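Both complexes shown next keep chain A, but they swap its partner, so chain B is in the first and chain C is in the second.
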Partner chain A sequence: MAVSPFASRSPSVAVSSPNTAIRLRAAAAQNSANEPAPSAKPLQADQELTEQLNEDVRQKYIKGGFPPFFLGEGTYAIVYLGHLRDDPSSFVAIKKIKVNAEYKDGLTMDAIREVKYLQELSHPNVIALHDVFSSKDQNLNLVLEFLPRGDLEMLIKDGDIHYGAADVKAWMGMLARGVWFCHENFVLHRDIKPNNLLIAADGEVKLADFGLARSFADPYLNMTHQVITRWYRPPELLYGARQYSGAVDVWSMGMVFAELLLRVPFVAGNTDLDQISKICEAFGTPTEENWPGVTKLPNYIPSDRNHLVPLQGREFFQRQFPTAGPVGADLLMSMCTLDPRKRNTALQVLRHHWWTAEPRPTNPEDLPRKSGGTQKMGDDLSRRGGEMDDGPFKNAARQLDFGK
Partner chain B sequence: MSSKNGIARRDEDEVCPVCKSSRYLNPNMQFLINPECYHKMCESCVDRIFSSGPSNCPVAGCRKTLRKNRFRKQTFEDIGVEREVDIRRRVMQVLNRREEEFDSKRAYDDFLEQREEIIANLVGRIDVAKTEAQLQQYATDNMQSIRTNQALEAQEASSFQARMTQEQEEARLRRQAAREEYENERREMQAGREDFLSRLAAGTAADATSIAREGHKVLLKKSSARRSEEDRIRQKQAALRGTETTKRTGGPLTTADIAGAAPSADTGLVKGLRKIKTPEPEKPYDPFMGLVPEKRDYYSLQSFYPSSYLEPIRKDTRMLAGGYDLREYYSRTLFEAFAGLGCFVGEEVAQRDATSAAGISKPAATEGAAMAAVGNAAVNENTA
Partner chain C sequence: MASNRMRRVGKEMADIYADSHSQIKAEPIGDEDDVTHLRGSFPGPPGTPYEGGTYNIDIKIPIDYPFRPPVMKFETKVWHPNVSSQTGAICLDTLASAWSPVLTIKSSLLSLQSLLSTPEPKDPQDAEVANMLLRKPKEFERVAREWAVIYAGAPQNEAGEGSRGGIDDVPEGAGRENLAKYDGYNKDLVDRFCGMGFDVDRVVTAFHQVRIDRRGGQDYQLEEGAMAGPVPRRPADIPTLRDAGLSTLPSSFLTIAMIEDDIYRTSSQFRLWSFTNASLQSLRATTNAIASERVRRRAREAQQSTASSASGTPQPGSESESKPNEEANIECLTPEEELVLVRYYCEKTLELGDTYKPPLPTMVRATAIQYLRRFYLSNSPMIYHPKSIMTCALFVATKTDNYYMSLRQFADGIPGDTSTEDVIAPEFLLMQGLRFTFDVRHPFRGLEGGVMELQAIAQGQGQPAPHLPHQMPDELRRGLLAIAPPPTPSSSITDRIGRAHGTTREMLKSAAQMTDAYFLYTPSQIWLSAFLLADRPLAEFYLDTKLGGPIARATDTDNSDATNPLQNPLYELRTKLLSVLTDCSAMLQSYSPLSADPDQMKGLKRIAKKLYHCQKQSPEKAHFGTAQKRDSAQPPLSAAATAASDSGPASESESERLAKKRKLEQEQQARRGQDLFGPELVTERTKGQ
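Then we have the complex of A and B:
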């Protein structure tokens, strides 16, 4: 069944879709003589309908709640904690996009992408965008689901937190579902990494930060290869491929999987070149034999003939990731195939028999948790896509080149 | 033990009804009975008659076949009591339902009454065949629950036993501690007094009153310090005991815990049993969490569509090497072509109005899950 865009997506209040708002507006206009309008500011008759709608949405939420209502600030946005005016217990995160010097005349690309794709996607493993409104100074505000338990990166890095194969399987399952759902709806996320995987109060992992997302490209249309944080970037993007598929997200997913198992990033290059050489070392050197056409890719760098690393087999993955078990290692291998055409799709990943093998994935509510997640969520949401949190390349953040 | 001795001592001239030998001639004579017919005979008779296998009861008029291994010593002097106790034990072992298994107190009482009736029937030899058949039927039907309840009883008995021995041990320790404490106090008192006397002897007469007061004070202080110290130890021990007991009794087994203990709740002999809810077996993990992959209502997707527009891509190794997948394009194009079919705005509006009128609203996530199999409206613009 296809679904019309009428469906309400508001967290808990029925007044959400534009039509309802219009009806309410009409009702309010009729009653305006004896009853004050619902919004705090009295509405003027000469306000345009769109402005009125925006005002309605804006009045629905209040920034604040218990302290700290300020969740985080980054280069790109400020994140506040807010709640519905009618229901102080329904928390939301309000992401206020900063006015960017580069895009004086309009909105930043990240914000447009985020709104455009998030409003289309509604899935338990994708962060929910409840509403969008603009505030007084023409700032764009995204009302997002409040995810108080931080992100996966926080759990990976915390040595005090112990988790096992069942927990990894549960997290990977949620991640794979989220990615699969995006792909099923023809959206490429293009920035999957542990600190974009936020954790909800019930333990569900949610795919967040759609600042680099885009829809699947039409044939002959170029896409940028400067996406995905370097450590999670697949070889085809490093080689500058301009036509690619959902396989790029699957590679990132595989890297997250490996990082969950090892608790350190698996292939962490300092530069793009370093990243390529690290990938070659880890998985094998791409050649025409194991990846037909690879030499034709725009930024292909012929590797040293004397240092050809053969393609790594199943034993390598089993040895490197003993905690995943043989079946898990097999799945990881299928996600980290160099040739994107041979890489599993998200659907194939979910159809792998690892999910049904022992151990059973932990229930979301029983997964390990860590406090201090609200702050982390603020930081995660205010970061620009493809940016790193810390590390030696803090200032080497990549800018999307939209000129091409 | 005592009953055996009692019997032996009382009846000096007791005579075995089978071999007629008397206790006078054989002081070590012991009588045995068989619960089959409860006829009494001496040990040597049992050995003599039944050693070579089952045989008939030697008592005149009783034709019961008896086996040697069932012979045992009599517990009660009155053979009727002995028999009733045996019957009672046997019935209780089969009808061993517990109070928590019943819906109500009334049902449990009914059950107890029924059990007493059955016992009375067997003891009074009324409808024996029918009652026995009932009992037999019940035993086979409820084998599992009978066994679990027996295990529970055994467990309770053993834990009771353990508690009793523990309490006794504790009481012994307490007594010992009290004795030592008294002993210590007495010794200290003695020592204090001696010290006091020696100081009095050494000091001058003027100091006498002050020394006396001081000595008294020291004694008092000592005893109060000791008392508080003892209190502390006692409290510690109590706390320790508390944790021990909770540890030991942690997780008491109940009939409800045992899944499938009684599949037949109200069938057969016992009525009013509580329905036992077996916990729903955990569903196998669904990687898709209820969504149906590749669900298409109006079309089926092929892996190849001839098109001159797409032909160059199929040959372009560079594009293909980047992983560009035409199947993704097919799937999106077809989805977009059919999007909106089966979408009836009127119905949706009516539904939405109904829910908003009732004030019911649901979180976006569940709504999303319901519609997620196919996804929302397609995203068909291209950026970058």
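Then we have the complex of A and C:
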């Protein structure tokens, strides 16, 4: 029989669990005449349990400073710096989801997905959702882990930051563990890219932005292919596959791996078509031989018979990514296999011997860091899923269609 | 997470206990139930100076275990470059940066054991020891052996070099004096406080003041060795390199896989929406009490304002006498009645899903029903009428379960005229009631998996269960074919599995949704219970493939460890599981649909009447949008009453108007109230077409 293991995910250790709160309130309701309620406010008989619980959660946090310290503002959300009321040194990021006046169908899908999946995923390499509460104006507030060291994109782009193979291995290891955990929970992230990989104070990489995430569909159900920011989108999605697996996230991971090594995006197409042709040039042209069934995909475009690029082998990856070493190049290759069925799963990635080969991964605390991370975190968290910061590729993956 | 941690540690300890081969041990240090502080032990590896010794490891399980590594240190003093000879601190990557949740206490203890046989002096925890190993390996071996004999109980004659010669040289005085400072308290205990920045004297004084028992609980037990034996010779303050960073042993990321149950226990369904029978009852009672109080208070307020406004009218007589009586006796719903009402709307949700073309997926409907049930754990139908919450729950479920349709489309699909605004108005309220957890773990996927496994066995392609690796496909298939036949003989085993599948699925769609099953049992337990009802011999066969048979089988003599029930932990597990499944089966079996039972329907009508009278007092169901804002959300009834009393001595016409208005409102609500339990949705639909 299931017991009732209410557990708090709050950063503080001493926060009472919600269940205790219910029980306390229950006791208070019975003795409200002679006993003060546990919270500062006296218990009101007409305040429902739900509201009391919400109020308790809300009272736990303070949006930091006067005026409230904005970390970022986007079309989708405003992010504030906050802290636990009882412990001003426990910082959190409070993401207030804007009520979208144009969207008449209630809470938006991005917000629902983000809340739904983050409530379920508790792992050191996935951003922690400590609490959710509603404020007076019916805005949704997500209390997220405070990640002051920015994101991977920031480090990749900054030429003054030097990092080596050991650092890449540490970052990739943390990313792979986060992705593995999502897949183990039947959740596809569907938007893995460097600026969704945030860095905590202790150097841990955290997978963030679950606005495009969804659970694995049952085998016969279709999913949309309009997900994942283009440069990180795998060929099967570009070809319009409606049934796919965790392999899509593994491809994105491979692209992040390549970008960490090269310090520029590896295949950066300007349009979806351009992206396909760049992938073909880089990794080889998909054919029925190397990817059975590819020609049946809805948006498959036959390539020029005279311009077939053979499937790239180990040597190509070793030549292209010398810093990874032969073992690292082998891992990268297994993550960038065109046929999603032959691509490594997140579990296989974790089992690769690159992780145990020299050099050892750097300790998270010793990884290169850069100032300005707090601001970057604010920008990352206030962005919608699939959105790019700037450039011509804005809204690359925004147009979701939810059809069947 | 805390309880997830307990379970996991408990399971790990059972594993350690079951495995006598590796000689690894771990047990709680103090209270048996406290698995956050353990003592592990293992024998020193053969062929090393540590051979023959037993090494105790102090293990602390952090709050977010298994996502953070256990904190381990050597309790037994050991002379080894990667272990601090003073504190026992360990330098091992798998206990720090290379930790992974799939590693276990046992695997960590095994790594420590192998660390003893592979010292890595280039990456030392203890610089002095490392230097000695690099420069005077003989001397290192001698000291290591000496320590093994003194502290780890290794026999003197083994591993040659271990003469006790050096020990007599120990300057005993210095050590004694040092220990004297601890005044008989456990050194580790005192040191723990010293680590916080206090000096020994102050800690010991404080211990005296708060009367900590020197020899009390095991936690405070003195280390016999430290007191009696000679103190190791070494200067007091050799710098040790803590957290030296680089690792010494190959780290393996994954040695075991997370099992389904571990994952379930991190879900919000388990964390927030799993209860015991008692806690569920008490939660419902509380919700009911708060709502009842509120309904009665509204009634009193209304009564007072009626009285005050009535006093202004010329003929108050009859009205003021009858009203108070009626309203003072407001009969509130009992928690049981609330539950029946909610269940009725859960059944309605299933029907409503059928009215769409194509019908809404089972999963969406099941999610919506669970939303309703969860919402009414902390909200009362007396305050929020289930009819409006129901449609909203179904719409939210389409969004959270990836069955996207626009609000317009959704509202158009509802029989009768329901506006988009009606559907969406309670959304926020509902989500708040769900405590912003949208994920529902259903038993359907588990059932599909189990059926696929059985079909594979029938085809002779069965896979052995993780705990029973000796299972062979042929043997499994023979077992399946040999099970007792069902009451009606079937043509083939495949058909039989298919039939059981269908029956179970129907049960999961109805009984499992309408009872408290989700609150009390895990998804696997639910589908297995339903499967047991559908075809008991088949379900029991399935359990046997996973957990072994009900009786000890003495056939496998070569592998007696796995089949002897006394040593096989699965046997006990099977018994336990069966008793849980029996309870759950009984719950599923007790369900019969309300609409199919005239008696229940009669009861429901009576509840509906009561509800109507309650809601008359607290008619807030139409005001979801502002329901959270206490200040602005004045229910129409009391608002009208307040307005009346504010205007002081009201004129005749005004109070008449007021009375008329009230009457009209009541009539409207009466109509609405009857509507609720009037025509079935299906007939409504035909009416609408």
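In the analysis below, the second predicted complex is superposed on the first by the 362 of 404 C-alpha atoms of A that agree within 3 Å, B and C clash if a C-alpha of one lies under 4 Å from a C-alpha of the other, contacts with A are read in each partner's own complex, and residues count from 1 in each chain.
Just so we're on the same page, a residue touches a chain if its C-beta (ideal position, glycine included) is under 8 Å from a C-beta of that chain, and two chains touch if they have at least 3 such contacts.
Just so we're clear, the structure is a prediction, and the values are computed from it rather than from any experiment.
For the composite obtained by overlaying on chain A, chain B and chain C cannot both be accommodated without a clash. Look at A:H123: by the touch rule set out above, it reaches both chain B and chain C. Once the two complexes are overlaid on the shared chain, A:E184 sits against chain B and chain C alike. When both complexes are overlaid on chain A, the residue A:E51 reaches chain C alone and has no touch with chain B.
Once chain A of one complex is fitted onto chain A of the other, the partner contacts of A:A247 are limited to chain B, with no touch recorded for chain C.
In the superposed model, A:Y220 lies in contact with chain B only, and not with chain C.
When both complexes are overlaid on chain A, the residue A:L350 reaches chain B and chain C alike. In the superposed model, A:P292 lies in contact with chain B only, and not with chain C.
After overlaying the two complexes on the shared chain, residue contacts for A:R341 are found with chain B alone; chain C is out of touch.
In the superposed pair of complexes, A:V115 makes contact with chain C only, with no contact to chain B. Within the superposed arrangement, the part of chain B that overlaps chain C, taken from 61-69, 223-231 or 259-267, is 259-267. In the superposition on the C-alpha atoms of chain A, the part of chain A touched by chain B in one complex and by chain C in the other spans residues 1-7, 9, 13, 19, 109, 112, 116-117, 120-124, 173, 177, 184-185, 214-215, 217-218, 223, 347, 350-351, 355-356, 360-361, 402. For chain A in complex with chain B, the touching residues are 1-15, 17, 19-20, 109, 112-113, 116-117, 120-124, 126, 128, 130, 173, 176-177, 180-181, 183-187, 214-221, 223-224, 234, 236, 239, 241-248, 291-294, 296-298, 339-341, 343, 347, 350-352, 355-356, 360-361, 400, 402. For chain A in complex with chain C, the touching residues are 1-7, 9, 13, 18-19, 22-23, 25-26, 29-30, 45-51, 53-54, 104-107, 109, 112, 115-117, 119-124, 132-134, 136, 138, 140, 170, 173, 177, 184-185, 214-215, 217-218, 223, 347, 350-351, 355-356, 360-361, 363-364, 366, 402-403. Remark: chain C residues 1-4, 63-64, 67-68, 93, 96-98, 100-101, 245-247, 250-254, 257-258, 263, 265-268, 270-272, 274-276, 279, 282-283, 285-287, 289-291, 293-294, 297, 378-380, 383, 395-396, 399-400, 402, 404, 406-407, 420, 424, 427-429, 431-433, 435-439, 445, 448, 519-522, 580, 583, 628-630 touch chain A in the complex.
Those residues of chain B that touch chain A in the shared complex are 282, 284-285, 287-289, 291, 293-294, 297, 309-310, 313, 317-326, 328-329, 331-332, 335, 338-343, 345, 348-349, 352, 355-356, 359-361, 363-365, 367-369, 371-372, 374-384.
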